[in-house]
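Below is one structure; the comments refer to it alone.
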Amino acid sequence: MNSRRRLRLGMVGGGEGAFIGAVHRIAARIDDHYELVAGALASEPEKARRSGEALGLASDRNYETYQEMAAAESKRPDGIDVVSIVTPNHIHHDAARCFLEAGIHVICDKPLTTTVKRAQELVTLAGKSGLVFAVTYNYSGYPMVRHARELILGGEIGNVRVIQVEYPQGWLTDLLEASGQKQAAWRTDPQRSGPAGCLGDIGTHAFHLAEFASGQRVAEVAADLATFVEGRLLDDNVNILLRFANGAKGMLWASQVAPGNQNALRLRVYGSKGGIEWSQEQPNDLALTRHGAPTTQLTRSGAGIGAAGAHATRLPGGHPEGYLEAYAQLYTDAAELIRAKNDSRDPDPAAALVPDVRDGARGVGFVSSVLASSSANGAWTGVPA
Amino acid sequence: MNSRRRLRLGMVGGGEGAFIGAVHRIAARIDDHYELVAGALASEPEKARRSGEALGLASDRNYETYQEMAAAESKRPDGIDVVSIVTPNHIHHDAARCFLEAGIHVICDKPLTTTVKRAQELVTLAGKSGLVFAVTYNYSGYPMVRHARELILGGEIGNVRVIQVEYPQGWLTDLLEASGQKQAAWRTDPQRSGPAGCLGDIGTHAFHLAEFASGQRVAEVAADLATFVEGRLLDDNVNILLRFANGAKGMLWASQVAPGNQNALRLRVYGSKGGIEWSQEQPNDLALTRHGAPTTQLTRSGAGIGAAGAHATRLPGGHPEGYLEAYAQLYTDAAELIRAKNDSRDPDPAAALVPDVRDGARGVGFVSSVLASSSANGAWTGVPA
Amino acid sequence: MNSRRRLRLGMVGGGEGAFIGAVHRIAARIDDHYELVAGALASEPEKARRSGEALGLASDRNYETYQEMAAAESKRPDGIDVVSIVTPNHIHHDAARCFLEAGIHVICDKPLTTTVKRAQELVTLAGKSGLVFAVTYNYSGYPMVRHARELILGGEIGNVRVIQVEYPQGWLTDLLEASGQKQAAWRTDPQRSGPAGCLGDIGTHAFHLAEFASGQRVAEVAADLATFVEGRLLDDNVNILLRFANGAKGMLWASQVAPGNQNALRLRVYGSKGGIEWSQEQPNDLALTRHGAPTTQLTRSGAGIGAAGAHATRLPGGHPEGYLEAYAQLYTDAAELIRAKNDSRDPDPAAALVPDVRDGARGVGFVSSVLASSSANGAWTGVPA
Amino acid sequence: MNSRRRLRLGMVGGGEGAFIGAVHRIAARIDDHYELVAGALASEPEKARRSGEALGLASDRNYETYQEMAAAESKRPDGIDVVSIVTPNHIHHDAARCFLEAGIHVICDKPLTTTVKRAQELVTLAGKSGLVFAVTYNYSGYPMVRHARELILGGEIGNVRVIQVEYPQGWLTDLLEASGQKQAAWRTDPQRSGPAGCLGDIGTHAFHLAEFASGQRVAEVAADLATFVEGRLLDDNVNILLRFANGAKGMLWASQVAPGNQNALRLRVYGSKGGIEWSQEQPNDLALTRHGAPTTQLTRSGAGIGAAGAHATRLPGGHPEGYLEAYAQLYTDAAELIRAKNDSRDPDPAAALVPDVRDGARGVGFVSSVLASSSANGAWTGVPA
């Protein structure tokens, strides 16, 4: 599998104290398709330098700014193949643009940008560039999510009617951002997160998961956002009614003020012939019910798992895979897309499920429509195609 | 406990082939406060007679119509103390009125009536009569629901912010009513069910549970009803956004087209200090999380259960109680209310939690508001106080 | 169902403060086949009298001793059809004998007696009498246990190889009997319980469940009993290796010193083609795996449930039944056996699954063999046929 | 964390088609402490070569035999720091000895060897060498297992009384080895596995987990092994009674013929003050009950997790870690031990929990005692200290 050389990876953001940067680095290592060789790991130069040293970056590839990195790496014969952008949201657009223009493939965290317009610019720019642009809706990397998608698109549950997706957390029940906790601080700061709080941080994951696994597209939303914690600047609870293009209906709930929930993303899809249920905290299981038959508990690598699920797993059943492996799957799939580009061949179709810039833009459109609907007291509002 | 004489019970509806009538009879027996002595068990006289014989009713108290029963029983020295009305919904109002006017206490199934106006009439009539009028929102009889209420009203989870309630079933995924299946037939027939299908049948339970356990009142709703099964005459999937009078927000989902769900009523309530979660299919458990602490799994009759829960249970922990015992609790509480009336004393306050005619009317108001909102494309619509 | 007259029931034991007596009375009421009309409810006359009054017994049928009751009731034209014996274990034998000799059917709690010899006497006496003698191994009344038995005896999991049964509780982690708590006091007192503590109280249930559901017979045992709580007079933790007559092997663990367990009886049976798993605290579910296929979650009254399970249930799926309904099933089945005797007809075969005096004696034999093995440092010891 | 140079890793075994070799390689990468630079990956030279090429090994470090590798690497200035031995069991001893003698640290799969004598030789040799010798009882790398150990050793559940451990799988329900499936073939072959089948493969994991988490030592065993599948050469079901040195008692069940179980390792420990429960398939959770209080569900990185658990985790709660991360923890801890040796300093005490050669030898002693007991019809047999 890794007889080919590893792809050379650069990283923007993810320095000291960052959660998601460390996740991306582990994810990139797990299947051994990448080697981290360059970085601009923090916006403060001194912190960027310290962070790169701690990661063992060569000093000439431990950059103070991503602009320098893009310029220098694009000129090196051994320059990075691909960059991971793992900064707070407000940086995504400019950084992604910078690397696309330097001819470097991009892996970018979600939400893609903080405005629809800027998301569209990236779609256009990526399209022209011919480069790979992956967006890390990481929950789509779970094998049982891939399998759910294969089942549903294969007609196993019939015509999709009802989609319930929820993503509750409890960690922002108090005004944690007032304590200076880094994760809370930037996520609740409109300057760095954009106009959506909980909605952008986790609601977008729920939205992508629902569309990805069901193969359905949300046509319009009726939303009721709330900020329950006094002093908070962005929404912390998101209630949305969904109408899908095919006539299915659904609900999306995301919350960061639901104590007892850690990261409880959960999807249920029901059709004319059956239903499925999946929970991120027990990601190795998938319940499948064919109407009129008892529920079957499918397990990762267990009996009855098809090609899409098998593609995204490493271990036999009963040996739990988790969040890092799902994240790794996106990196692994992106590596295949990049290598296929480099080799001018078609990629493995299973790898093509990795979310791309259009999926990222769609998430930004969703956020925008939800904000508009909530501002209009829950009026049904279309989601941009 | 039952050294007192048993209350004499009559029943309207619940004859051959009825599900809920048999449930009511078992519920009335479990704690030994009632003896079934009279009935008008079906609308067809012959079927009514056969049903009463099968239950061992004396022939002179096995009535062809409830009107006869009310008239005759109110004159007997050993006449019934109380009547259970377990017919399809469209009969509830007239039957209840008939027995109230005959001076007989009433236990009535939900939804109370099919229109707000008729519900209000019953509220007024019951108020004037001074009689007990219980409405069998049976899920409020579960000890862990009572305990959840006690916890929340006692401030254990702080100010209530988020209420998520759902009630999915899958049994109407196909057009089962076309097969003549009795339960499906009347529930999907506007003539017998009224204008709401899934909404009236199970959505009202979810609504009552949410208000009962949380102590909060729904102020307005934004609803999106659907009928997914072709040929069905009433809604079979109900998506509702909720706003509560105290500022809490929530969602209510009820469905009868969600394969894999049998009777999956589930409530989650989150506040500024913690949260609770309860599922009807595992009714002996209640998860309680205080923000910042791990989740505690409370169990019926286990450590930490207070007076309200203890009042509603019969067995030590680990010996599961179920649906019938919860139903029995309403009968037992109603017996206490009736005896207290008869004895001109105050009832045990724990028994006063049994839902009454105003709760029944509130459910009818909720149905009406949801239908109005859904017809108005989800416009926020107030729920009558 | 109950067009026939109710059977007249007497009760020995089960007075004030008794847990299991109240359970038996509810169980007898649920399906409406019995009417409690006589009792000798406690060994102290005054307490017996008070207890009977509280239950509304007529004063002439509220006896001071069971001997009086047997004598008087056998002479009445409206005398009891059947007696329930729900005393501490040491009374079972003499009371059962007394009623058998009076020609009265018997329902007796387990363990049947405290010695093998006395158990055999009852088998002989019951056999000669032609009377019904049911023993309340109540867990065999659960519909999913009945269904498991039907599956296994029907060959669904192939040749049975491995049987794991366990029954942990935690309530005797401390020396609760020292506090005077009634349930703890008699169960840990060799005078009232016999020579086995945890083993007789709950180990016998586990043993019966394993044999009942699997259709296999334990041939020999190797046991290691322990008394962990200082000052306790009987065993409180039971570890046993099992060898079955057909070559299957298994383990039985019972404990009353396992905090975190309430009444966690659990059975797993594996064969050459599949396996099943059932837990008493989630009694409405049964996991079935056919080797090479994913696990199927069968539910009471759900898809795929056969005649044996359907016979033992009252409600549709998702409406949980519990401990009391399982107990009621034994009463209901015993009623059918008694009526069939009275009518000189064959009973419904499904009702014949109710455990009888031979099953009771077999449990006593098991206890005896386990005690012998444990005394012999775990030597393999045969279980009397 | 990885500012230090990566340790240079060699591998013996783990070539094409091997499951556990790939696991070790991912485990070594996850926390970035190792770089795989050499290997003797298969016993057949051609397969060894192909396997090394596929992994990108330099041709001069892609060895045909481990003997060559030990000899050559010990002479290189950039020779491997440490070797991973991931062959079938019968090779472990000779390979480990070879690298110890070459002065190279060792990470070895379990069971350490196939005889007690050879295990002891390795203990002696490792002791003399002063080298790090880790044995991959990988389940001890799970953070919640570490936390359980910390709780129990900290007295949280009082004096340990009862230890129940089980490890059922179902994959060998049929004679899979007859199909040539590689994993089944060597595990059921006495030439490659040694005299124990299921016992050595997974029973040893259960044994280590029980001792590791509880801090107790098994003093003697009474065992009943079985081979259920006709034609199989080694045991496939293991029933053992345990007596611990402190007086605790327990049971160990391991099986590879239990359909419905994938890799269901599960530990329960009960003491005088409480109990814990952990399951490998839901490894992020740990149930803790203090006697008299409700059960608390502890979660990885959640509230109430101490230093030992925190040491072994990478992600916030609700972001599941799994089997690979637990495996990685052993590699990460071994890296700390190796670096501490190299730096002549004391290692982080948390890292010292990684199982060593004595733990490996103890597992071999356990296997030997269990085999002896089972051969002696379950006679209690001491486990070598």
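Order of writing sets the labels: A, B, C and D. Residues in every chain begin at 1.
Going forward, a residue touches a chain if its C-beta (ideal position, glycine included) is under 8 Å from a C-beta of that chain, and two chains touch if they have at least 3 such contacts.
For clarity, every value in this text was computed on a predicted model and none was experimentally measured.
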item	value
Shortest walk length in steps over touching chains, subunit B through to subunit D	1
Pair joined by the larger number of C-beta contacts - A-B, A-C	A-B
Whole-Å gap separating subunit B and subunit C, where each centre is the average of the chain's CA atoms	34
Subunit A-subunit B separation of Cα centroids, rounded to whole Å	43
Between subunit A and subunit C, centroid-to-centroid distance (C-alpha), Å	55
Touching two or more other chains - residue numbers and ranges from subunit A	261, 287, 292, 295, 299, 302
Residues of subunit B defined as touching subunit C within the complex	1-3, 5, 19, 22-23, 25-26, 29-32, 53-56, 169, 261-264, 280-284, 299, 302, 314-325
Subunit A to subunit C touching residues, read off their complex	287, 292-299, 302-304
Subunit D to subunit C touching residues, read off their complex	157, 161-162, 164, 166, 170, 173-174, 222, 224, 226, 228, 237, 239, 241, 243, 249-251, 253, 255, 257-261, 268, 270-277, 287-292, 295, 377-378, 380
